[in-house]
Amino acid sequence: MAVLLEVKDLHAVYGLTRVINGVSFALEDGAITALLGANGAGKTTTLRALCAMVKTRGSISLAGQRIDAKSTEDIVRMGVAHVPDGRGTFVNLTTEENLRLGAYTRRDRTGVAADLERIYDYFPRLKERRRQQAGTLSGGEQQMLAISRALMLRPRLLLLDEPSFGLAPLVVLEIFRIMRRINETDRVSILLVEQNAALALDLADTAYLLETGAVVLSGTADEIRRNDGVRQAYLGC
Amino acid sequence: MDAFSQQVFAGIATGSIYASVALALVMIYQTTHHVNFAQGEMAMFSTFIAWTMIQAGLPYWWAFAATVAISFVLGAAIELLIMRRLKNSPVLAWVVVSIGLLVVFHSLAGWIFDYNIKSFPSPFPSVAGFGVTYLSAHDLGAIGVTFVMLALLFVFFRFTPLGLAMRACAQNPVSSRLVGIRVGWILALGWGLAGALGAIGGMMVAPVVYLDPHMMSGVLIYAFAAALLGGIDSPLGAVLGGFIVGVLENLIGTYAIGTELKLSVALVLIVAVLTVRPSGLLGKVHVVRV
Amino acid sequence: MASDYESVAAVILPAGSSVAAKAPSSLRSRAALAALLIAACALPFVLQNYHIFQATMVLVYAVALLGLNLLTGYNGQISLGHGAFYAIGAYAAAILMDRFGVPYWLSVPAAGACCLAVGFLFGLPALKLEGLYLALATFALGMALPQLLKYKHLEAWTGGVGGLVLTKPEAPFALPLDPDQWLYLFVLAVTVLMFVVARNLLHGSVGRAMIAIRDQAMAAETMGINNALCKSLTFGVSAMYTGVAGALGAIVVQFVAPESFTIFLSITLLVGVVVGGLASIPGALYGAVFIQFIPNIAEKISKAAPWAIYGVILIALMFVMPTGVAGAIRAVRARFA
């Protein structure tokens, strides 16, 4: 399988704090990859770095093209959709307006309309609340909205930051089920950042473990799951 | 046509001016969640530019169009050169810079164009027609212009992707970038539009109150009151608020406390709206789930 | 307690702005203050009459700026209409002196009390207004007041457009002082008193409450601070200070008229606070010097210039020196400490 995203020796700083310290990894096209680690390990920063939201050093390539010097807006136009932690909902706009914004950079109106209908198929709750102010949706609904907004881009790569955060277990399962479906049906590659390692390893094909800004372990999801250190520290078994 | 209705109509006429400036304020607020205290002075400055062109012999509507274009560019330039650098500053910094712009435009106008009162032509015929006698042609024209601007803005914000993008930017610039919106250009667009709207308002009010550097200071307060009353994030509210403020001002001025305390009326109105219903009549009450 | 505010404030405020009023702890700074005070007392015997007048006005503005700074710098409430409180204080004193024959030294505290009440009352509805909206409301206040002062039904009191003329007080107890010299010393005494009161206020629990509200209002409320009461009180005290300054100013200038108290006065006060430095007591003095002397210099260049210069300075300061002169001095001191 082809490599979609390749990150080599990435460094990122917030002010004076070095948050990412020489991280390297690669994502296969069409695969689901998990980025695991505790709080403060640098997972969210890695996603932000991919979208040029923090200052970085090092090389990031999307489908062979260097993107580390590009702006966020340009990276988005290359097919990278980022669902940030906290969801980043446009709370004062309606559900449907949020979704339309996801397709802002697209020119094909019929394609956008078709995608909107598909999203409503995946998430009937969103269709019910399409004219409702997005800020009044529940946490789970906002997460669905955030993911849907990203999908409206018809992205090649979906970056998900802590999708399970603050959600009830049943809601989380539903969301993860839909993500698997999206990956299989629409061939969207997914990079998933999660503190909930068990859930992430269930969904992912490959995983990387980050600790204080560096990759300490990598392999298939199965390998990672069976690793003793991981089991003790992150899986509680 | 009895005196009361006359006052009401006169109020609607002045209200259309407040509505135009209020629209400009709402525009900036929609884009940046900030209020531009210099809006009035910028509008006044634009009107002086129009006056200069008309004095030089340019036909009215050419001067009008050119002024609107120049004001657009001026507004966008201020965003690009000055306001952009305040992205991460506290509210106070914005307010201070905005006041600074107010002062600069006011002084520049006085310095370049001097403080003598000048007359400014109206593009509308001297008789209203339609058998209307209680409103001058200019009043009707100004009201018409306001409604046209409002309609265009409404369509723009509600139905165009760019308008949606502008609303998105105002609320959440980070998420906006993540959907690919070029936030910098959007901000410049917002300021440019506000500059253009203000210029139109200035050119509509100048024939009535005569042109001098102090022309817009009172109007600005009324425009604030109008924008707040209607809802600071609602263009329709701004227009509605403008007309209500215009009528109220006239009625209270004529029947209650006399015309000299009009600004106090505006002040009371502002404080009342902000205290009782800060989102105004048509603004959305924003619910935030904590 | 203080360190919690500091760490929170460090995140929110631009670097360098003062978190809490710092006590001059060292012997050196106390000595410096004493020397300053002695120099200030000696001034009227060294300067010519017009310069004494200017020095007196610097003191007056310093008190006014201290008032605005209490509200905006320490409590985070933006006021674009403090000129209105200056005007109310000035007119209160003038009316008491002119219409009721109250002696000047009594009219000053009376004007202060009046402004305290007005400020507190304005502060009550203003409670709900955050940042920008409060700025708007106070801007409207600053613009509306001159109209009120010119209102014909109040003319019997205010003197309408022409205003009121006051007489300059003589030195009491037949002291061998010029009226100008006496006035300067009187104003100096009031100024020192106001500064001392402010310093004690800011160092006490009230001051910490004010700063807590500025930095993290919700947290302050949960810590037991009555935000509403504190904010309204701060408004009242701030108005009182500026009102006292207005009263003093009226006595010094011997004249009150609506045209002296336009929105541009409010803007001048804002310039003073920004130049001098927010949340800084000495900043009030630096700012006062600025707004007293720069217009004179600028006016020699061009008639329209003073305001253009103010405007450009306001804008430039927000980029170059947002913490004002006081902040710059603090930064320099820290470098060489």
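For clarity, chains are labelled A, B and C in written order, and residue numbers in each chain start from 1.
In the analysis below, contacts are C-beta pairs under 8 Å (C-beta built on N, C-alpha and C of every residue); 3 or more make two chains touch, one makes a residue touch a chain.
Computed from a predicted model, the values in this text were never measured in an experiment.
A linear topology is adopted by the chain contact network, the touching chains following one after another without closure.
The chain pair sharing the most C-beta contacts is B-C. Taking the mean of each chain's C-alpha atoms as its centre, the chain lying closest to the overall protein C-alpha centroid is B. If you average the CA atoms of chain B and of chain C, the two centres end up 32 Å from each other. Note on chain placement: the centre of chain A and the centre of chain B lie 43 Å apart, centres being C-alpha means.
Centre to centre, using the average C-alpha position, chain A and chain C are separated by 53 Å.
Per the touch definition, chain B reaches chain C in the complex via residues 34-35, 37, 82, 85-86, 89-97, 99-108, 110-111, 217-218, 221, 224-225, 228, 258, 260-264, 266-267, 270-271, 274-275, 278.
Listing the residues of chain B that touch chain A in their complex gives 161, 164-165, 167-168, 171-172, 174-183, 284, 286-289. Only residues 12-14, 72, 78, 80, 125-126, 128-129, 131-133, 135-137, 139-141, 143-144, 147-148, 150-153, 263, 267, 270, 274, 278, 302-308, 310-315, 317-319, 322 of chain C touch chain B when the two sit together in their complex. Of all the residues in chain A, the ones that touch chain B in their complex are 51, 53, 72-73, 76-77, 81-82, 84, 88-93, 97, 100-102, 104-105, 133, 135-136, 149, 153.
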